[in-house]
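In order of appearance the chains are A, B and C, and numbering begins at 1 in each one.
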Amino acid sequence: MTAMKFEYAPAPESRSTAAIASSHGLFIDGEFRPAAGGKVFKSIAPASEEVLSEVAHAGADDVHAAVEAARRAFPRWSGLPGAERAKYLFRIARLIQERSRELAVLESLDNGKPIRESRDVDLPLVAAHFFYYAGWADKLPHAGFGPDPKPLGVAGQVIPWNFPLLMLAWKIAPALATGNTVVLKPAETTPLTALRFAEICRQAALPPGVVNIVTGDGTAGAALVEHPGVDKIAFTGSTGVGRRIARTVAGTRKKLTLELGGKAANIVFDDAPLDQAVEGIVNGIFFNQGHVCCAGSRLLVQESVAEELLGALKRRMATLRVGDPLDKNTDVGAINSAAQLARIRELADAGSAEGAERWSPPCELPADGYWFPPTLFTGVTQAHRIAREEIFGPVLSVLTFRTPEEAVAKANNTPYGLSAGIWTEKGSRILWLAGQLRAGVVWSNTFNKFDPTSPFGGYQESGYGREGGRHGLGAYLDV
Amino acid sequence: MSDPMSDSMSDSMSDSMSDPMSDPTSEQPHTPERTDGSAMPKPEHATPLAVLKTYKLFIGGAFPRSESGRVYEVTDPQGNWLANAPLASRKDARDAVAAARKAFPRWSGATAYNRGQVLYRVAELLQGRRDQFRAEVAAAEGLSKAQARAAVEAAVDRWVWYAGWTDKVTQIAGSSNPVAGPYFNLSSPEPTGVVAVLAPQDSSLLGLVSVLAPVLAGGNTAVLVAGERTPLPALSLAEVLATSDVPAGVVNVLSGRTAELGPPLAAHQDVNAIDLTGAADPALAAELEATAAENLKRVRRPAVDAEDWTADPGTSRLLAFLETKTVWHPMGV
Amino acid sequence: MPSTAPALPLADVTVSDAALRRFLHGLPGVDAVGLESRAAALGTRSIKTTAKSYAIDLAISMIDLTTLEGSDTPGKVRSLCAKGAAPDPSDRSVPAVAAICVYSDMVREAKEALRGTGIAVASVATAFPAGRAARSVKLADTREAVAAGADEVDMVIDRGAFLSGRYLQVFEEITAVKAACGEAHLKVILENGELATYDAIRRASWLAMLAGADFIKTSTGKVAVNATPANTLLMLEAVRDFRATTGRQVGVKPAGGIRTAKDALKYLVLVNETAGDDWLDPAWFRFGASSLLNDLLMQRQKLTTGRYSGPDYVTVD
C-alpha cells in the first residue's frame, strides 16, 4: 500500500479469549477421545504457519463408533417432543452468542479470515441459523411436508474450510430440528471451531450421540459417506468431491444434498448505481479471500461503462487492507492453505499465459503464511480457464457485454449455477434477468448476502438441495 | 414445423385464452383412428383387411423411425404379437435430448396459466381417444376391459390433476423470506431443464402419465423412454401430444431397451435430471445413478416397493424436478 | 494538466434548465442500502494509538466551532473564539480549530476576537437556515457578512426550488451568492434532511459544485436529519468524482449531530478511504459542531495521560 497520511495503527483482537488446547480429541457419544489408532494431525494458522493444535485423526473405526453413537441416540432424540428439541437448539444459539468473540477469534486463527468478517458475518449468522431452525422443531407439521414428516436417521455431514462454523450451523441446525442425529466431519485445515462447538453441545446438555464430530482428512469423510449406518449425506465443497460422493451413494437409500462450486457472473449495466456496484464487486470476490462458492468471480460489465467502472474498481481495490486476520482493520486475510495457494497461483498464471491482463494494487504481503493479493484480470474471454474454472481465491475475471441477451448468454455459459449478481437501476430489467439466469441465488444490487430464512443452493453442477429457510428442512425429512 | 401453440405461447392472457381452446378444428385428432389395436388382425375375409399402424418414435414433434433402422416385437403378456416398435438407439436418444433442449426456453418461459391450458388440452384429447387407449392398455398389460377402462380414466384424471398444478406449484413451493435486513427476498421454483424419464415397466399408460405429466407441469422438457415391454400406449400418446398444443420437442418418446437407452441419457451432459422409475433392475438403477453423477443430475430413484399408480400422487414428483431460485433486492429510497 | 478554470469540462451542462436537468438526472443512481452498509462497514474501523492521536488532532483542526442560536451575544461569541484558539487551556499542544461559525451579525465580534490567531470566521448567510427570503435579501445578507470580515460564507440552497425541479434557479442563486462572496470561501449547505433521497443529495452536490461551491455542506443542524455517515460518504464520492472530471477540488463539511470523538473518527475514515489523502486537511474537510470539541479533548487527555477524563477537565464555553 502506498504511504498514506492516515495510517491505521495495528488493532489486533486479543487472542486471550480463545485459548487453544495443545491437543484435541474426537467428539463421540458426548465425550472427547483420541483416535482409535492414535493418529493425529496438526492444525495451523495460515497467516503465520504457527501450529495451533494437534487434532485426532479419525479412522474408519472412529467413524464407525460415531455413527453407532448417533444411531443409538436417534430413537430418543427423534422421539422427543419438537418443543424439547427446540429448547436444546435455542440453548445452543444463546451459548454461541455468549461465546461469539471466542469463536470468532478461533475461526480467524484457524481459517485465516479477517476478524471483521468472522465477528460481523460468520458468528452472527451461526447464531441466527440455530435460532431459526430451533423454532421449526415443534412446527414441522406446518412446514408443508405433510402432517407428520419423519426424520431420516443419522446424517453424515462433510463441510469445507471456508466458513467452518457457519457451514456447521447450516448442517447441524436443520438436522437436529427435524429429529436427526449427526456425525459431522469438519475440513482438515479448520477443525478447531467445530470442536469448540462440541463443548457448547456439552454446556447445552445435548444428549450424548446426538452430535458427533470426527476430524480428519478426506479419508475420514469418505468413511462417513460410505458408512452403511448413515441415512443422509450432506456435503458442501468442491464439485469434484461432490461428484464422487454422488457416485458413492448411487444405489443406496441415502438421501443426498450437495452444495458445490460456482463461477458466478456479476453483471453490471451502464445504468447501475456505480459506487454500490463497485462495493458489490469487491464484496463479491474479495470477501473471505474469495474462498466463497458463490463468489462473483466473473465480472460481466457492459462495454459502455467498462472503463469508468474498472477505474473505480481499481481505485477501490487499492484501499483493501491485506494482512493479519486478527487485525480489526484487515479486509483480506490469509489464503487457507498452501495447497489452495498453489491452486490460485496456478490458475492466475494460466490467466496471464492465456493473454489476459493481470493487475493487483501495490500490496505488501506478510513474509510468513499463505497470501495472495487481490487480483484483477481484464481482457478475459469465455475461453480462458480463469473464466471457466473456479479459482476459490481473490481473483476476478473481467469480461464485457453489449446487450442484456449477451449478458445472459455469457452468464449462463458455465456448468455451474450457484449464484449471480445484477446491477442496474431499472427494475423491469432486474426481474427479466433474474428469470433468465440459471442460478439458485440471484443478488440484484447487492451481493454475498446470507440469511437463515433464505434458501441457498445451486443449479446444475453447483449441486442440489437447498439449505436455509423452510426449504432447508426438506433435506432432512423423509419426503 | 408449424406449431399450433405459436400464438398461445405468448405471455398475453388474451392470446392464451383465445387460441387453442376456441379453435374447433383442433378438437379432433388429425391422425386416422385405429379401429382396434388390441389384437392381431383376424384373417376374416368377409371384412376388409385392417390397415396396421407403423409405430414410430416421437422426436422434436416428428415421427421418425429409429435412425438405426431397428425394430423389436411387442407382444401381449401371452406372447401374441401386437406390433413392431422402433428399437431406439443412443443416437435417437441424443436427437431427443437435442430436441428437448431446443424446446426448453419457450416451454419454461410460457406463463404457468398457458402451460396449464396446454396440458389440460392433452387430457381432452386423451379422453377423446379413450377407446383406442383402452384397447392398447388392455393388450399391453393383459387387463380386463374394466381394468383397462379404469386405467385410462385414471390417466386422464392424472393429466388433469397436473395440468391444474402449473399455476399453483410456485405458491406452495415458493416463499417470501423475512431476512434480517432491508432486503426483499423471494424464492420461487423453476424447472430444472431437460429431464430423462424412464417410464415404469408395470403401467403402460397410467404410470407413464404419472411420471411424465409432473415433469411437464413444472416447465421441464422430457425425453421419455417407454416401458420396454409395453411401449405402444406411449407411442400412441405421442400422437395425442403431437395433435395437442404441446410444442414440438417438449416431449420426446423413445421405445426400446431401457438398459440400452438409460446409460446414454444418464451420461448425457445436457440432461439435467433423470427419473429412474423404470429402471426396475436395482443394478441398472445404481449404475445409472452413478453415471448421472458426472454432471450432478438430479436423480429420482426407483421406489423400493411397487408403486400404486392409482394412489394420490402428491407433489413429490412435481417438486423433484424443480430448482429453487432465490432473488434478493435491497429496499431503500 | 487539469484546467484551472472551474468546471470548464462541464460548462455546457448549465446552459439551460433542460440541459442541467439531463445532466443531473444522468448521474449514476445511488442504492440506499448499499451506500449505508458501506458507511457502516467503514464505521467498524478500529483507530488506535498513534492513528487515534493523529486523527483526534486532525479532527480538532477541522472544526468549525459553531454557535447559531437566537440567544447568541457578543459575549458568547467571544468566549467561543477563545475556546477555539486554545481548546485545552491545560495543554497548549492542542491545535486550534479551523473556524468559528456564527450568524452574520456576530461576524465583526468574532473577527475581532480572533485577530492574530489564524482562525477563520465563517458566517451563515442567505436567510439561514430556511433560506426562504427574496434573493436580494440573501445577497445583502452575504455582502454584510463579507463586509464584516467573514472569511467563509455558509449559504443554504433553495430546497423548494430544488425539489420542484427548478435546478437552474438554484444554480443561478449559488453563482450569485458566490459572486457576492468575493474572496470569501463559499460553503453550500444542501440540507440533506430535506432533500430526502440520496439521489437528490448526489444531484444537489453536483449542482453546487458546478455553480462554484468551494465546499459542500450536509446540513444546517436545524432539521431532524443532519450529517450522517452515509450522506457524507455520498458527498465525498461527489467531490472525488467532480475533481476527476473537472480537475477542481471541492471540500466537504458534515454538520449537525457529530458529538463524539468516535463519530468524528468514523468521518475521517470515510474521508481517508473515499476521497483520500488530499482531503485530510482542514482546507478540504470540516466538521460543523459545537459539543464535539470537548469530547475530542477528553479523548486526547485519555491518550496523553492514560486516564479517562471527565467533563470538569474541559471548558464549557
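The rule is short, and it goes like this: a contact is a pair of C-beta atoms (placed from the backbone, for glycine too) under 8 Å apart; a residue touches a chain by one contact, two chains touch by 3 or more.
Please read these numbers as outputs of a predicted model, since none were measured by experiment.
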Compare the CA centroid of chain B with every other chain's and tell me the farthest one. C
Which chain has the mean of its C-alpha atoms lying nearest to the mean of all protein C-alpha atoms shown? A
If you average the Cα atoms of chain A and of chain B to get two centres, how far apart are those centres in Å? 38
Between chain C and chain A, distance of the C-alpha-averaged centres to the nearest whole Å: 43
Per the C-alpha means, the centres of chain B and chain C lie apart by a whole-Å value of 70
So which bits of chain C are touching at least two other chains? 31, 33-34
Which chain B residues sit where two or more other chains touch them? 181, 183, 330
Please output the residue numbers of chain A that touch at least 2 other chains, ranges allowed. 445-446
Which residues of chain A touch chain C in the complex? 4-11, 116, 120, 271-276, 279-280, 319, 328-329, 425, 445-446
Which residues of chain C touch chain A in their complex? 28-31, 33-35, 37-38, 44-52, 54-55, 58, 237, 268-269, 272-273, 276-277, 280
Hey, which residues of chain A end up touching chain B in the complex? 128, 144, 239, 242-244, 246-247, 250-251, 253, 258, 260, 415, 430, 434-435, 439-446, 449, 451, 453-457, 459-464, 466, 469-471, 479
Which chain B residues qualify as touching chain A in the complex? 109, 172, 175, 177-181, 183, 185, 187, 192, 269, 272, 282-283, 285-287, 289-290, 292-296, 298-299, 301, 304, 316, 323-330
Taking the touch rule as given, give the residues of chain B at its contact with chain C in the complex, in rising order. 181-183, 330-333
